[in-house]
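Structures follow.
Here come two complexes built around subunit A, the first alongside subunit B, the second alongside subunit C.
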Partner chain A sequence: MINVKNLYHSYTNDENYAVEDISFKIEQGEVFGFLGPSGAGKSTTQQILIGLLALQQGEASIGGYDIKKPKEELFNLIGVSFEHPNVYKKLSGLENLEFYKKMFSVETEDSMKLLRMVGLESAANKKAGGYSKGMLQRLVFARSMINNPKIWFLDEPTSGLDPNTASEIKKIIRKKNDEGTTIFLTTHNMYIADELCDRIAFINEGKIELIDSPRNLKLKYGEKLVKIEYKENEKIKKESLSMINDEDKKKLNKLINEGKIETMHSQEATLEEIFIKVTGRGLK
Partner chain B sequence: MLRRYFGLVKKDIITGFRNYFFLAVIFVALVFVGIINFVIPENAEIKPNVYYYLEYEGENSNILGDVLDQSEASHSNIHSVTSRDEIVNIMEENFNSIGMVIKAVDNKPMVEFIMQGYENQEVVNTLILSMKDDLNSRIRGDIEIETLWLTEESYQENIPFNKSVLPIFLAMEPTMLGLVMIAAFIFMEKDEGTIKAYKVSPGKIPEYLASKITLMIILGWISTIISTFLVVGFNADYLNLLIIVTVGSIFASALGLIIASFFDNISQSMVWILAASIIFSVPFISYFVPSFAPLYIRVLPTYPLQFAIREAIFPSGNTQIIYSTILTFTILSIISFILAVFAYRRNLARN
Partner chain C sequence: MKRMLAIFRRDIYSSTRDFLILYMIIAPILLTVGLKFFIPSAASASLQFALNSKLGAEVIEEFEKYGSVELYSSDEEIKERVGKIDDIAGISINDKGNFRIILEGNESHDTKEIPRKIVRSIVSGEEVDVNYKVSDIGIQMSPIAWIGGISLIITAITMGGILIGLNIIEEKESKTVKALNVSPMSRLEFIMGKSFIGIIIPIIDVFAILWILNMLDVNLYMIAVMTLASSIIGVIVGFLIGVTSPNQIAGIANMKLLFLLVGMSIIGAILIPQSQHFFLYWVPTYWAFMGFKGIILKTITWSQLGIYVIWILGLTCGIFLLLKNRIRKGLA
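Entry: the complex of A and B
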């Protein structure tokens, strides 16, 4: 569905590249996460793919359409949920969706149905200028579904949302994916990437460091740990012990045999820890 | 394509309405109507002063003296002076004046006109013809000129001064309104970032810009109809007037779009928008002082525009100026719209 080959982009039109030699393929129905810290090149890549930035070097196609010369059909195929809400503040939520609906020449969704899905039904006729940040975020998310996109670009879709709403949004994303929608998810939130993505690309300083599934990454780069709390000299102690290291294994056995363990949890490496291991920097 | 265009127009009308654009336009039109009808006097003509010196003392000097004395008596802007140098001195201080010296060459009278240098040829020719006409009829007494007005009801010999201001208002407000207002609209949308959302839809840039220009045309029509109707009632050629305002609005709005495309906010662009507005307002001087029409004023599109609007409001049968102005502005509108589309494509790609 999405095919990117040797993509480069420089904002200064020189060799100072914001993204450099980016290549990846996304299959139909896949949820592909672009994980990286701010300024890593996530948004630049997405903006090139959705036509907001010019394709300077390299090749990219979406749904078989070359993005160098984007056609109307391409935009009928995609949906974009922006990180920063960009809606008409003087129009109501419903008017915003009704307006956007008219821009497409494919079958569109019912605006009220979408507002209901994101919990904005009661605010449908309120001017968007009076919405909270979270409500605006949900409106932008709803708008991105108006044309039933086959390829859905989501930029930090749960940013600024309370846990309940974020959970509802994740449910919608999963449902759409189950219906066959291909999703390109840009985020620096490792939890949402871990939860939703089939594959993840780690992007750092404009380059893709690796691409794999979250499970494979954890198996490959993570360390199997057990987090325990045990009693010693009437005091509670906390410790993380490796299940690979012989010393740690012996200590764990001893604590189990002595019956000193109060709590015990297996602990796998987070995507952030793996990201730090691979790139040498955090996701913030 | 049409569905998208009408969707955009509907959205822009709602947004414009809720941003009080309609209210502002109606308010300004009513204020101008009030000024025209109740503040500006009906009689306040601005004609060039004519300074003459009669040097000729031959056989026809009495006739010439009579002609000039009578003219001086019936026109407050004609003045007698005592030398050619005095004419030149006065003219150097007053740019809205012309001079005339009647001297003797081979014992015959010869008229020397002294001009400022920026009068257009039409004004000079009219003056010479009128002088010849007057002298011929005095000397020979056998020339009679009859004027037949084919469209008598539409001929308005004397437009009251206050009403004659209306074409200037229409050239400045409804027509050139788009120059400033469209920039305000564009920056509001830039601020909201909605153009990005539009760019990832199948909507096209020309449709987006055409919709904004359409809103400016609608606002221009409202302003034109209110002000013209309240000043001259039904006595105007409304069809041609609205066509002129339409093509003028397209040109001004497209120009406003081009200027706005180079900047990120309205304060950055305001200097350029104001500069463009001032430049396009310069020909208004020639409207009140027709003798002042140098080339740099005549090349500005608002120069014919104001006279075409005047012709549409106070029809005198000179439809040629209306059609030529409509044609000029149609061509200018097409060019400026194409440039605006290129400017926005470049600007969006750059951002």
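Entry: the complex of A and C
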């Protein structure tokens, strides 16, 4: 669905590249996460793919369309949810969607249905200028679904949302993915990437450091530890035991057999820990 | 077309929400009403008489030698006419056959004195001593009326452009232009859609200005053609303001600068001798001014008008091509 080969981009038109030699492929129906700290090159890559930045060097195609010469058909195929809420503040939420709808030449979604999906039904006729940051974010998210996109670009879709709304948004993303939508998710939020993505790419200083599924990354880079809480002499004790070390394994077996364990959790490495391990810097 | 109309409608909605469009339409109209108060005294350069038709053909013919004559059937109608805003003297005759001059009281010297002299000459049979007849060198309209009228027409055209500029700045500030750029809308559709408002406002305003100034007796087809051609100048001005201004404040600052350029070309066309007008040929508003001047003073032919339109379109196209990349980047 998305094919990127040796992509370079320089804002200064010299060899000071914001993204450098980036290549990846995204299959149909896949959720692909672009994970990296601010300034790593996530947004630059996304902006090139959606046509907001010129393709200077390299090749890229979306849904079979070369993005160097983007056609109307390509834009009918994609939906973009921007990180910063870019809506018309003087228009209501409904008017924003109704206006945007007219830009497409494919079958579009019902605007009220979309507003209902993101919990903005009651504010549909209120001017967007009176929306909170979270509401604006949801409106931008709803707008990105107006043309039933086959390829969906999401830039920090849950940024600024409360946990309940974020959970609703994640549900919508999963549902759309189940229906076959290919998703390109740009984020620096490791939890979102972990929860939603089939594969993730770690991008740092304009280069892709690795691409793999969250599970494989955890298995490859994480330590196999079990964190337990158990009772001993009427006191609760906490301990992390290795699942590879023989002594730790024996101790764990003993505690299980004696029925002393109160809580037990496997301790996989988080994506952030893996990112730090791979790139030497954090995700902030 | 669907997208262009959607963009146009959105701009109208957006501009009506804060009454911006209303101000832009009303401003030139209010200025025209203001101008109308100054015109009467200037219009007195061309004398006007409201005559009672009972005066007879001979007297009416005598008055027609000195100015324009309006005929009324009663003194009441004459009084009503004299009471209107412009300078006009009423002349009637009573039952005893004596002439009556009806004045409002605030008329200019000529409007008061010349009818008296004409009446005296009719009564006494002497030749009337009126310098006015000699000084009329074919001016059919007060310069204040036509210069003021054209200046307001060009202001209205620029207002349409300003609205385009402010709408583009709004798109840039809210970054909504990015959302449009990832939709199937083409840049040409965006430019065309944004331009409509800059054409419609001048058309409404120009006809309103002409109506207020009692100038609707001109060739209205010519006015329509000239307004359409000149509104392209407003559109270019609007896009220039829009793409060069990062916010509304900067937009207003740039607007002042562009107004200065527009104003200078009009002042230049009035003050610079005709032989040196070529200094102004590069300014599209100069051609708009000359075109409207010809139409309002009824001195222009269709072929001359065509030449002015070609100049306007050629120059605006040239400016657009020069700034094409700047506009493209500004809308990215």
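Quick note on the criterion: the second predicted complex is superposed on the first by the 251 of 284 C-alpha atoms of A that agree within 3 Å, B and C clash if a C-alpha of one lies under 4 Å from a C-alpha of the other, contacts with A are read in each partner's own complex, and residues count from 1 in each chain.
FYI, a residue touches a chain if its C-beta (ideal position, glycine included) is under 8 Å from a C-beta of that chain, and two chains touch if they have at least 3 such contacts.
Quick caveat, the model's predicted, so the values are computed rather than measured.
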{"item": "Clash-or-fit label for the pair subunit B, subunit C on subunit A", "value": "clash"}
{"item": "Subunit B versus subunit C as contact partner of A:I244, first or second or both or neither", "value": "neither"}
{"item": "First, second, both or neither for A:L219, with subunit B first and subunit C second", "value": "neither"}
{"item": "Subunit B versus subunit C as contact partner of A:F99, first or second or both or neither", "value": "both"}
{"item": "Which superposed partner A:K90 touches (first subunit B, second subunit C, both, neither)", "value": "both"}
{"item": "Which superposed partner A:I256 touches (first subunit B, second subunit C, both, neither)", "value": "neither"}
{"item": "First (subunit B), second (subunit C), both or neither touched by A:I236", "value": "neither"}
{"item": "Touching partner for A:V80 - first (subunit B), second (subunit C), both, neither", "value": "both"}
{"item": "Offending stretch of subunit C which, after superposing on A, collides with subunit B (from 23-31, 95-103 or 113-121)", "value": "23-31"}
{"item": "Subunit B/subunit C common contact set on subunit A", "value": "50-52, 72, 75-76, 78, 80, 82, 84, 86-91, 95, 99-100, 102-105, 127, 143"}
{"item": "Of all residues in subunit C, those that touch subunit A in their complex", "value": "2-3, 6, 9-10, 13-14, 17-18, 170, 174-176, 178-186, 332"}
{"item": "Subunit B-touching residues of subunit A, taken from the complex the two chains share", "value": "50-54, 72, 75-76, 78, 80, 82, 84-91, 95, 99-100, 102-105, 127, 140, 143"}
{"item": "Interfacial residue positions of subunit A with respect to subunit C in the complex", "value": "50-52, 72-73, 75-76, 78, 80, 82, 84, 86-91, 95, 99-100, 102-105, 127, 143"}
{"item": "Residues on subunit B engaged by subunit A in the complex (per definition of touch)", "value": "3-4, 6-8, 10-11, 14-15, 18-19, 189, 192-194, 196-203, 348-349, 351"}
